[in-house]
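Can you keep this structure in mind? I'll have questions shortly.
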C-alpha cells in the first residue's frame, strides 16, 4: 500500500465529514493518549483510540475503516470524559463504523451480526427477546455453544421462558423504524 | 410519589430480581409506578451504532406514550442503558426544536419533551424517598462491606446524564448506607463492564468484568451492588465463569441496591428472587441479617 | 378592563394620599375617544382621570428625566416598553431607582404597529403590578424588515434613505421622545464645535439620521416612539434596528433595557471578537 | 484673530527635491489666520530655529506650523525651541511633508499639491490650538514591593542597594515564598535554602529595607511617583519589638496544627515560626487555632514567655505611606488538583502527592529529614511514578497553558529518587519534554542515563489494589496500554496565580489575563511594566516561570524603579482628557472604556432652576490619564475631549483636507 | 446625478492613523522610500480609539471618496485595549454605512504595525485603486445638495 501522505484529499474530506458530524475539530487533539490509557477495550484494539484521530487527520481512512477498534468501542464515553480537549471520540468512531458498514468493511463480524439481529428482533416484536437474540446469534455466527452453560440455571429459575413479551402495536414500531431509516438517509445526504 | 415507568426488555427476564425488589419496595413505601402502556425497545447500543435517528426515535415513542397518558409525570427507568438512550432523546429534543419536530414525524405522534427521565438512583437519592425507606426498614446489614458499582451509562456522557461525578459518584453509596452496609472506597465505580460486547466480542470484554471484581475484592468488599439489570447480569453470570476459566476464587455476590433495601424492609429471599442469582447470593445476606439479629 | 382601571385609579389614589409619591405619570382622556394624552396626576381626587385603554400609546418613562432630582418619588405607570426605558435610563445613570415608584401594568398591545413585535408586554420592574401578567411571545421576525432591506443594492438603499431624509424637517421630535437620547446637551445643538449643520437639507438630515442611529442604536429599547412621533413618517427604527441586529450577530444575543442587559456593548470588548480588519 | 506663522523646511533636497517648497509657503499665505509664511533649508538647524524665534517677535506670531519631517522626529525639538519664546509650546503643529510626502512620491506637481493640503490641515488644526501647560510631579523615592518570595526579595535588595528606601510586604509571617520550600534547584542542584536564606537575612538586615510581614495591601490611590498606600498589619499577638525568638512558647504550646510549610505532612503549634530559618525569626499566633483566642482557655505561651511579649489583645492595624513605585511579585500557588482529577483518586490516596510535597519529603529539614518515605506508612518507595502536566495543558479540567518549570523539576525529582534510593524504579509519564534553558537538556539527558523510564503518554487513571497504586495509561510510542504499579506517585501540578491576586490587581488598577496572571504592558517590549505607570511586576505573578527567569525579571523591575527614582520629578504630558462638566450628563460611557481607570464619576454641587442639587459627572485624574482619547470617541455629547486632539481640531483638519 | 468620468480624476482619501503603530509604519515607508499614490492624506491621532465615527461622516460630507482608520494590531495597542473598542465601533459603523448605501470599500479599517511599512503601502495603494474604480463618491456629500455650494458654514 502506498503510505505517502500527500494527495489524500478524498480521504481527508471523508474524515472531515465524520468529524463535523461528531462535532469534533480533529486539530484539537495533541495526542496525549489519555483516551487510550483509560479505554476499557484498548487491550484488543488494533488501533488505539488516540491513533484513530491521527490516522483521520492524515487521511489514512482505509486503516480506520478496516480496523477492529471501531467495532470494539463500547461507547462508555470514558475517553471523552477525561479528554483535555473534550473530543467526542465515540462520535468519531460511530461515524467511522457507519461508513465502514456502508462500504461492507466489517472489522468484527460478530459485532455487526449482533446489532443486526438485535434490530431485526425489535422490528419483529417491538421489544427485544433475549432468547431469540442469543439463539439467532449463536446460529448465524457459528458460536453454537456460547453461553449455553447458563441456560439450565435460567430455565430452572424461570429467568427466561418460551413465552414472548411483545409490543402490541409491533407493526407501529416497524413503520417507525422504516421512517427513521429514511430520515437518517436524508440527514446523511444533507451533510454531504 | 408517582412516576411513569419504562421497565425495559430485560426486567421480566434477566432483570427479574431488580423488578421484584422494586415492586416490593413500592408496596412498602407507597411508590406508584405507571407502566407505559405499549412500550417498545429503546434500541440500546444497537440502534445508535447504526442509525442516529432511529436511536432517538425508538425512545421517543415511549416518552410520547407517557405524555399521551396525561399524567404529567417524570419517567422512571431502571435499566442504565435504557436510561441513557431515553435521556439522549429528551436532551436532543429539548436542544433542537427541528429535531423534536422530526421525531414527532417519525413516531407519528406528538412529543413535547416535557417529562424528565430519571434512573432509580436519582429517585432514591431524593431526601423524601430516603426518609420513606428508612421508616420502613427494620433489619440491618450492619458491617457488610459492599462496593457500589454505577457503570458507565448512569454517569457518562455528563452532558446527557448531568451526573455529579463521573469518576467517584456517591449517590448509591449513600442509599446503601441506609441499610447499615458499609460502602468501601474503591476505584472502578464507573468503569465499563463491557455488557454490550459480552456476547459478540467475549474475548475482549471478559477482562472488563474481572478487573471490576478484582478491584472490589482488593478493596475489601464482600459484595458488589449495582443499579442496572445489565450490569448485574453481567457481573453475576460471569463471575463463576471467570473463576472456572482462570482458577480465581472471587466470592462476591452481586446485588441490586434495591434488593438490599427490600431485604431490610423485611422481604424474604423468595419474595425478591435471591435464589435466582447465578452467583450464590443468599448466604452473605443471611449471615449479616443474623449477626444483626443476635 | 374596567376593573383594571379601577384598580389603577385606586392604587394611584392611595399612593398620592399616603404621600408615597409626589405625582403620577399616566394617561388621561381627551375629547377624542381614540386618543389619550399623558397626564400628571398630583392630587388623589384626580386619580379618576387616569385611563387605560387601547389608545394609551405614549411612552411615560422619559418624562421623569425632566424631574431628575424630585423631592418625593415620581410615580410612573409603566408598560413593558416603559419598564425597559426605565432600566435603560438607570443604566445610563440618568435616573435613580429610589426616586421612582413604578406602577406596572401588563399591556397586550396598543394602537401602534410596533406593538405587534413586542417581546416584553409585561413590565420587567415595578413596585406594584396592576392586573395579571399577559402571555409573552417571542418575535421570530424581530429583524425581518432589516434583513429584507439589507438585500437591496447599495444604490437602492441610498436612494431610499435619500428620499426619506428629503422629507425630514429637522424637528428633533425623535430625539426628544427617545429614552436613549438622554444627553444633557445634544451634539446637534453644539454649533460651536460644528458637529452638525443647522440647515434643513438632505445632507444635513442624513448626517443627523446616521449619527442618531449610532448614538442610540446600541441602547435602543425598540419602543418605537421615534417613529410614532415623527411628523413626516420616517422609518427611524429601521436604522436603530440595524445596529441592534449587527450587535446581536457580532457580539452575542442582546436586547436592551432588560433587567440583566449588558449596559455598554460598545464600552466593553471580548478578545475573541470577530476581526475583519486584519 | 490668530497670528499663524508657517515655516516650510527644504531638508536639503529631501523635501525640496520633490516638493516645491516655495509654492507651499506661498499658498499658505492665503490661508485665514496666517500672517507669515516662508521656506528655509533646514528648519531644525540652529539658524533655522533662530529664524522662527525672530519671526515670532517680528510678526507677533502666536501659533506656529512647521512643514518638515515627521513630528515623531522633531516635535519635541520645536516645542523646546518655543519655550524660549512667548508662544506656548503646544501652539505648534507639524505637517509631515517628508516621510509621508516627498519621500514616497515622485511626481513633483502632485507631491506639492499634497504638501499644500497637509500644510493646510496643520494650519486649520493650529488655529484651534490653545495653550497647554505641563506640570511636574515630584517623585517620592520609596518603593513598595508586594510579595516576599524570591522575586520580591531580589527586587527589594536591588532597589535598596541602589540607595532607595523599600518596603517589602508579605502576607505570611515569614518571607521566602516557594523557593525556600524547595530542596534543590535544577539544573545545578544547588541547595535551594542555602542560596535563598542568606538573601532573606540580608533583607532583614538592610538599612534601606522596611520588612513588613503578616501584612496585606488595603488600599491604593494616587499615581506614579505618588501612590498613597494603606497597609493592613494583621494581628500577630506577639510583640516583635520585645520578642527575641527564643522559641520557648512554641515548645510549650499544646495545640498542634497541620503545617502549611511542610505541605500538610507534619505539624506545627498554634504559636509558631513557619520554618527554622524564617525571617523575621519570631513566632506569631495563628488565631484560628489558638485555644486562648478561640475558647478563652490556655494562655500557656503568655505564662512562659520570659519577656512578656505575648499580647492576646493584639488587633489588626493599618498605616499609610507614600510610594513612588510599586512592584507586584505575588507569585504562584499550585492548582487544587484534588477537585479536578477524581481519576487520580481525587486526594483519596495518601501516596499520591504533589511535586511541592515531594520537595518537602526530600528536604533535609522536611518532615522526614530528607529520607524519601511515603506518607501512608513511612516506608521507602521502590517504584515511583511521576506524572507531568497535571492541571497544565488541560483546557477542560485545568489550565490550557504549559507551566514551564515542571519538565525540569520532574527530571530533578526522578534524579533525586534514583540517587537516594539506589534500587528504585522511576517512571515519568510525559507528553512532551520541554527543556529550553541553559543546561536543561543536558540535565534531562543525565536523568535518563540515571535510569528514569520516560513513558510518552498521559496517565488515564490511578487506582489502588492491595496497598499499591496502579497507574494506567498509554505508551503512545508503543501504541499500547501500560500499567505501572507504584508505591508513590508524584503529580507535577500546574502553577496558578496566588490566591488574592484579583484583589491586588483591582486595587492597583492593573489588568489580569484570562487565567488570572497579571498582564504586562507589552509582551515583548515592556515585559516588566504594567499599563499603570509606576507599577511593575516581577516573577510568577505574571505567568509560570522558573527561578532564573524570576530573578532576572525581579532585577529588571528593580532597574525600572531605579530609573524612575533617578529623577526628582517628572513632567506629565498636558495632552490628557478633560471634562466639560457643564455638558457632562454622567452616563459613565467614558468611564468603562478607560484602560487606566483615570475616569471616575463624581458628584458636584449644581443648580437646577432654583434648586440646589448634587449632580453626577465624569472627572479625569490627569496623573493617570495617558491621553489615548478612547473616552472622547465614546462620549456622545462631546463633553469629554482630548487636549491636543480635540473634536473641534480633528473636524477642522478633515474640513481642510477636502477644500 | 450623472457625472462625467474624468480620466485624470484622483480620489480624495483620508487615513486616520494611530501615532504608535500605523503612523510610525507610514514614516517607515517614507524612510524606505516606498512609493504610493499621492491621494492619501494622513490625520494623526494618538490611538485608533480616538476616532469618533462622526469624523467619518464628516469626511464623506466634505467630499472624501474614501476613509481609512488604522491602528495597532489587537493585543498590541499602546494603550492596552483601545483598538478592541475601535474594532467594535467600526464593525458596526461599516455595516451601518453599507446599509445606508455607502460601499464598504469606501470605509475600511486596518491593523498596521510600526514595522509594517510594506503593509501600509500595499493597503493605501489597494484602497486607492479600489476607490478609483468605484469613481467619485456622490453620496452624503454636502456640495451636491446645499444651495450655497461647499464651505457654507
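Each chain gets a letter, A, B, C, D and E, in the order it is written, and its residues are counted from 1.
Convention: a residue touches a chain if its C-beta (ideal position, glycine included) is under 8 Å from a C-beta of that chain, and two chains touch if they have at least 3 such contacts.
Because the structure is predicted, anything quoted here is derived from the model rather than measured.
Peer 1: Among the remaining chains, which ones contact both chain A and chain C?
Peer 2: D
Peer 1: Can you give me the shortest step count from chain C to chain D, moving only between touching chains?
Peer 2: 1
Peer 1: If I average the C-alpha coordinates per chain and also across every protein chain shown, which chain's average lies closest to the global one?
Peer 2: D
Peer 1: Check B-D against C-E and say which one is joined by more contacting C-beta pairs.
Peer 2: C-E
Peer 1: Just grab the chain with the largest centre-to-centre distance to chain E, centres being mean Cα coordinates.
Peer 2: Computed centres place B farthest from chain E.
Peer 1: Provide the C-alpha centroid distance between chain D and chain E, rounded to the nearest whole angstrom.
Peer 2: The answer is 36 Å.
Peer 1: Nearest whole angstrom, what separates the Cα centre of chain A from the Cα centre of chain B?
Peer 2: Comparing mean C-alpha positions, chain B is 23 Å from chain A.
Peer 1: Can you check how far apart chain A and chain E are, centre to centre, with Cα atoms defining each centre and the answer in Å?
Peer 2: Here the centre of chain E sits 58 Å away from the centre of chain A.
Peer 1: Hunt down the residues of chain C that sit against at least two other chains at once, touch-wise.
Peer 2: Those would be 187, 194-195, 266-267, 271.
Peer 1: Two or more other chains in contact with one residue: find those residues in chain E.
Peer 2: Only 53, 58, 81, 85, 89 qualify.
Peer 1: Of all the residues in chain D, which ones touch at least 2 other chains?
Peer 2: 343, 461, 593, 634, 647, 651
Peer 1: Every pair of chains that touch: which are they?
Peer 2: Applying the touch criterion to every chain pair yields A-B, A-D, B-D, C-D, C-E, D-E.
Peer 1: Where on chain B is chain A touching in the complex?
Peer 2: Result: residues 9-10, 12-14, 16, 38-41, 43-54, 57-58, 61, 102, 105-108, 152-153, 156-158, 166, 190-192, 194, 196-197, 199-205, 207-208, 237, 241, 273, 275-276, 278 of chain B touch chain A.
Peer 1: Which positions of chain B touch chain D when the two form their complex?
Peer 2: Touching chain D from chain B are residues 165-168, 185-188, 214-215, 218-219.
Peer 1: Which residues of chain C touch chain D in their complex?
Peer 2: 68-69, 92-94, 182-187, 190, 192-195, 215, 263-264, 266-268, 271
Peer 1: In the complex of these two chains, what residues of chain D are touching chain B?
Peer 2: Chain D residues touching chain B: 342-343, 345-346, 348, 461, 463-466.
Peer 1: What residues on chain D touch chain A, complex-wise?
Peer 2: Those residues of chain D that touch chain A are 343, 389, 393-398, 431, 456-461, 472-476, 479-481.
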